[in-house]
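Each structure below appears as structure tokens.
Next come two complexes built around chain A: one with chain B, the other with chain C.
Moving on, here comes the complex of A and B:
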């Protein structure tokens, strides 16, 4: 417990405190009025307004499109269901930069729709909304569908036997059971889209800017660190509020539901209505989730003889000090280091949280761990930038800075993966081992470890994928001569010319393949003991 | 020689006293069965002895040594859990050998002992089987072998046969008794099933709300329940408030004859069903037959007097009256027990 707490104190609380100080403290005095000043600016108010409504719209659109998907994946049995279920999860771990690039290739200038019908959406808000749906489809399918699949169909049958019509039975029995999961999923989607950075950065152009993008712009383009700090604080408070509501809905979700094995509840669709629904869901998955990725790959191959890929090995494009291809090696080693840190910290935290006798304080730490996930990468990156570049802790020149930031973002995933498994280990199994003469350490090695080994691998994989695609924090602190893949993609996109564009597509494709492979391996590992959570 | 003794052992959980100053001694080679309804604290008693549940006050002594501060894994007692808690990721042999491994036994030695124990519990050659593939009865046997393997000083069983079906339970209880007698194992078991307790134990301890209500051989407890609670828990329904005056007791059922040496004054009275004799309707206490249930060797007849609690009578199969019949009731003093 002490190690994770110390880790978070130094690499999260301290940077956040530094942001507060930078934003509100000047000339030896506190200036709380600065908050009002900054929020009073029309530009900033516009950003706040846009951030909120696009998040609401994205959430509504995601629910609209993904809820039928959740139902279909939960209750229908059809060929390829398992594979497709894994495939729809891929977008969630894809780097935001890849998603932005893919939608640019689909909807942007010279994109597929532009070529076919002369339609461009990259200057409209639709591109952002669709990209957000792409991202969060899996959140809804996994959270809601996971629970839906485990609801006992006999509950509805019991209602039918008591005289309820099918729709009434669904409305009175299934819907109330699902409602907390829907609320939790909606809040997660709202949170992710509220703090969206990479997607908006690439697709938003100069017109649309969320809080995150604005913080980045204030920092790296206008160099107004104190405004950035105030904005970060505003964001921090909003996210804290959302997370608090989320924690509350999750607690409500843990109310006693009669759950059954998910593999027993699915059956073949019956009747024209259900087949139509299945077809519609599959079509929406194909158009929204698969098409953008396919277009991305196709665009990266348009130069003759894999030209864009070969260009990646040249350093003379002028965009970088080194050839873009080196970003792959840098990314992989950063991600490996970040994974090691995240797994170590995350497992320790999960083990402490899983104890039955964990007090309020410890459970509060659970919520705290989620903060970096929601508080947004940009906060983490910006915090690192201003807090860890001066004594007592000067890590600016150290390579460890990037893995540390990425680990901070990865830890919540590790905790989320490990915690249910650790909690599921029956206390009495540990007691049985102790009575048979196993010391506490032996108990952990003999009972806990064999059971969590798989979860540990899955957690490591998640942390790796997340670290690999991490953009918001890394972009602040990655050194120019040693960019990671997402940072390199963003930089290529910011330059004019077909070659840069093509190279961005090629590099994104590589990143996507690495992440997708990592995730599909994880799905295989998770196998039957998958839970409803992401 | 006393192996285990509890001295005023008290456990409080969430403001409730689960074990209330319990004194209990178990001699070497003795089989003691703690009997009580759910929530009476009997499982907590086992957990306190194992060291899984810290005592609020009082002491647990094994071989005369205070166990305070001795961690679970050093107490060298065995505990068979209610739902067995076999390690799912190990096979049968891996489960049985676990305790031996923890004590650092050599590989050959473990293999010999595992084979020996699997034979003992009637599962020879099952070592390589997965525990998930075992039936309930087999799991119970493996759990027993696992608990016995490290030769614990004291073997504790928590509802050992609770989850098995009736016929299997009756067979296993005989096997267990024979096995423990042969091995000379000291056993402390808890159960809520009186049949199981009486069949297994040398001595039965009845618990109620964290206290010991009665302790004695199965015969003593069965013949002379200590109080109305024990009598009712053992399944006797004919318990009534009474006042003894001379050789009869005044009850809601009228005058009931009592044994000669009965103490005078107010008490609870138990009339065994065999002591409720049916006579002609115009004699004794007049009752209506409310229900009859077939019990194999006899019929239990439920009788409703005009304005008194129901009575249960045991009748021979052929002479049992029909439901709705009017009968008279007389009492046999030999089957009447004066409770505390």
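Moving on, here comes the complex of A and C:
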């Protein structure tokens, strides 16, 4: 327990506190009056308003489109279901920069819609909303669908037998059982879209900005650190509130439900209605999820002879000091280190949380672990720069800064994955082994490890994918001569000309393929159990 | 349980150590190396290889360049990391952001050799000698010549012209909060119309359909119809806020080279920008940094600079390349503003502008 707490204190709480202090503390006094000043500004209020309503709209739109998907994936058996289930999860682990780029290729100037019908949606709110749906579809399908597949269909059938109409049966039997899962999924989507950065940054243009984007602008461009600090606090409070509600719904979800093996509940669709539903869901997946990815790949291939890919190996001294291809190696080693850290810290935290005698304090830490997912990555990145610059912790010259920041977002996924499995290990097995004379190390190796090994691998895979895609914090602390893939993509995108654009598409495609492979391996490991669900 | 925690710690630390070994090769700069001098700059930095090599041979230093985002971001990041800077010299803070760098103690005093050859009007901080002017340029509206010939229109020449109905929906500019040409253009209007008049001007400009994008690259190479990039991207705005040196750049980078530049400059809309360099506080190699600063205002670098970064030299004796003379010139009467006036008003003006134009 002490290690994860120390990790979060040093690498999360301290840098965030340092940047807030830098903004609000001057000449030996705190200037809390700034909070009221900043919140009173009309354009800041506009940002708050936009952040909230676009998150609400994104959440509603995601639920509307993804809930039928959750049902179809849970209850229908059709060829390719497993693969498709993995494919719809790819967007979730994709870096926001790539998602933004893909939508730009679809909806932006010279994009597919522009070529076909002269329609451009970039710099409109629609591009942002659609990208958010794309990004969060899997959250709903996994969280709601996972539970839906395990609900006993016979309960609803019994209601039908007793004379209830289909809708009534669904409303009175299935919906109440699903409601907590829907609420949890909605809150996660709300959290992710409320703190959206890369997508809004790329697709929003100068008019739209979320809190997170505004924190970035105030810090990096306008250099108004006190406004940034106030906005960080506001976002912190909002995210804290969302997480508290989320923890509450999760606990309610754990209330007794009669669950059955997911593999027994799915069957082939019957009747025209069900076939239509299946077709509609598959069509929406094709248009909303697969098309942007396909356009991205297609754009990266438009130069003859894989020209954009070959250009990645040139160090022209223009955009970078190294050839962009080096970003791949740098990214992979950063992500590997971040995964190691996240798995180590996350397993320790999960082990402590899984203890039966874990008190309220420890369980509170559970919710705290989720905070890095919602707290401005920009703040963390800048905090690293100004907080970790003095001995004994002068890490700014060190390469480890990047993996440390990436590990922060990986840890929550590790904890979420490991916790249910660790809780399920029967304590008596360990006691029996100990009584029979096994050393603690042997107990761990022979009892715990075989049971958690798979979860450990799944956790590592998730941590790897999110580390690889981390953008908000990395963009600040990655050395200019050693960019990661998402940082390199963003930098290429901000430069003019065909070649840079094409290279951005090519790098994004490579990043997407790496993430997708990591995910497919995961899906194989995961099998039928529910670990790895958010 | 405690045993398990212990074992997990051991495994965890083992993993971290392992990964540390595995990724050691991604490490960056090695500490204090007095043979290397590091220049921190923005993404637009460029210089001829031969000129840099010449400096390296003469001085014995190896030059390392860190390009750290666009001009504003590079300055801000340099300020945040000033206790342990990433390099020895920073180049690229302009007169619009100079006060931010000086007030935050980014630079230490050094008066480079040859600084008395710098055009007097560009010198700043003459008491402290913390910064040295390196280049100057004019931020002006550029026009697409072909568009105005095709539409039998006279291109605009002044700020006032831009409000005329025949130029409705033609201008694209940059967000002053995020791009230095946008900020320069805003300051130009403030210099022209005064503290109270510029807001009225922008209200009218907004009513006349000005478009705002975040960065110069996007404005010039995507939205503007006159540049090579913009033509390719089917840009549809024939007026853009760019530089007086953009027309020569259009010629130099074209293949085959046209006889005249495809774009022109509205010289009545210019704002003079000056870029400075200085020795970073806490630089690890101050001697090397000083040598590099001397080099930046040497005749050799000053004459090499225009065709690399498309800016004008500030050294009186430096000659401007022929392309610059042939395809453009600096504005004769640009708008200017004293750095302390900019410092006092910049942030407030940008905020007002944002509320007025964007929200």
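Rule of thumb we're sticking to: the second predicted complex is superposed on the first by the 515 of 534 C-alpha atoms of A that agree within 3 Å, B and C clash if a C-alpha of one lies under 4 Å from a C-alpha of the other, contacts with A are read in each partner's own complex, and residues count from 1 in each chain.
To be clear about the criterion, contacts are C-beta pairs under 8 Å (C-beta built on N, C-alpha and C of every residue); 3 or more make two chains touch, one makes a residue touch a chain.
Worth saying up front: this structure is predicted, and the values here are computed from it rather than measured.
**Student:** By residue count, is chain A touched more by chain B or by chain C?
**Tutor:** C
**Student:** Quick check on the superposed pair: does A:451 touch chain B, chain C, both, or neither? Answer first, second, both or neither.
**Tutor:** It touches chain B, and chain C stays clear.
**Student:** Is A:117 touching the first partner chain B, the second partner chain C, both, or neither of them?
**Tutor:** After superposition on chain A, A:117 lies in contact with neither partner.
**Student:** Could you look at A:400 and tell me whether it touches chain B, chain C, both or neither (first, second, both, neither)?
**Tutor:** Only chain C is touched by A:400; chain B is not.
**Student:** Give one of first, second, both or neither to describe whether A:432 is in contact with chain B, with chain C, with both, or with none.
**Tutor:** first
**Student:** Now for A:347: first (chain B), second (chain C), both, or neither, which partner does it touch?
**Tutor:** A:347: touches chain C, not chain B.
**Student:** For chain A, which residues lie in the overlap of the chain B contacts and the chain C contacts?
**Tutor:** Dual-contact residues (chain A): 440.
**Student:** Residue numbers of chain B touching chain A in their complex, please.
**Tutor:** Listed in rising order, the residues of chain B that touch chain A are 50, 52, 71-79, 81, 83, 85, 87, 89, 98-99, 102-103, 146-147, 150.
**Student:** Which residues of chain A touch chain C in the complex?
**Tutor:** Result: residues 1, 3, 41-43, 46, 109-110, 205-207, 217, 219-224, 319, 321, 329-330, 333-334, 336-337, 339-341, 343-345, 347-348, 351-352, 355, 382, 385-386, 389-390, 394, 396-400, 403, 430, 440-441, 443-444, 448, 476, 479-482, 494-498 of chain A touch chain C.
**Student:** What part of chain A is in contact with chain B in the complex they form?
**Tutor:** Answer in residue numbers: 426, 428-429, 431-440, 442, 446-447, 450-451.
**Student:** Which residues of chain C touch chain A in the complex?
**Tutor:** For this pair, the touching residues of chain C are 1, 3-9, 11-13, 15-16, 18-20, 22-29, 31, 43, 65-70, 72-73, 75-77, 79-81, 83-84, 86, 100, 175, 177-178, 212-215, 217, 220-222, 229, 232-234, 347, 350-351, 354-355, 358-359.
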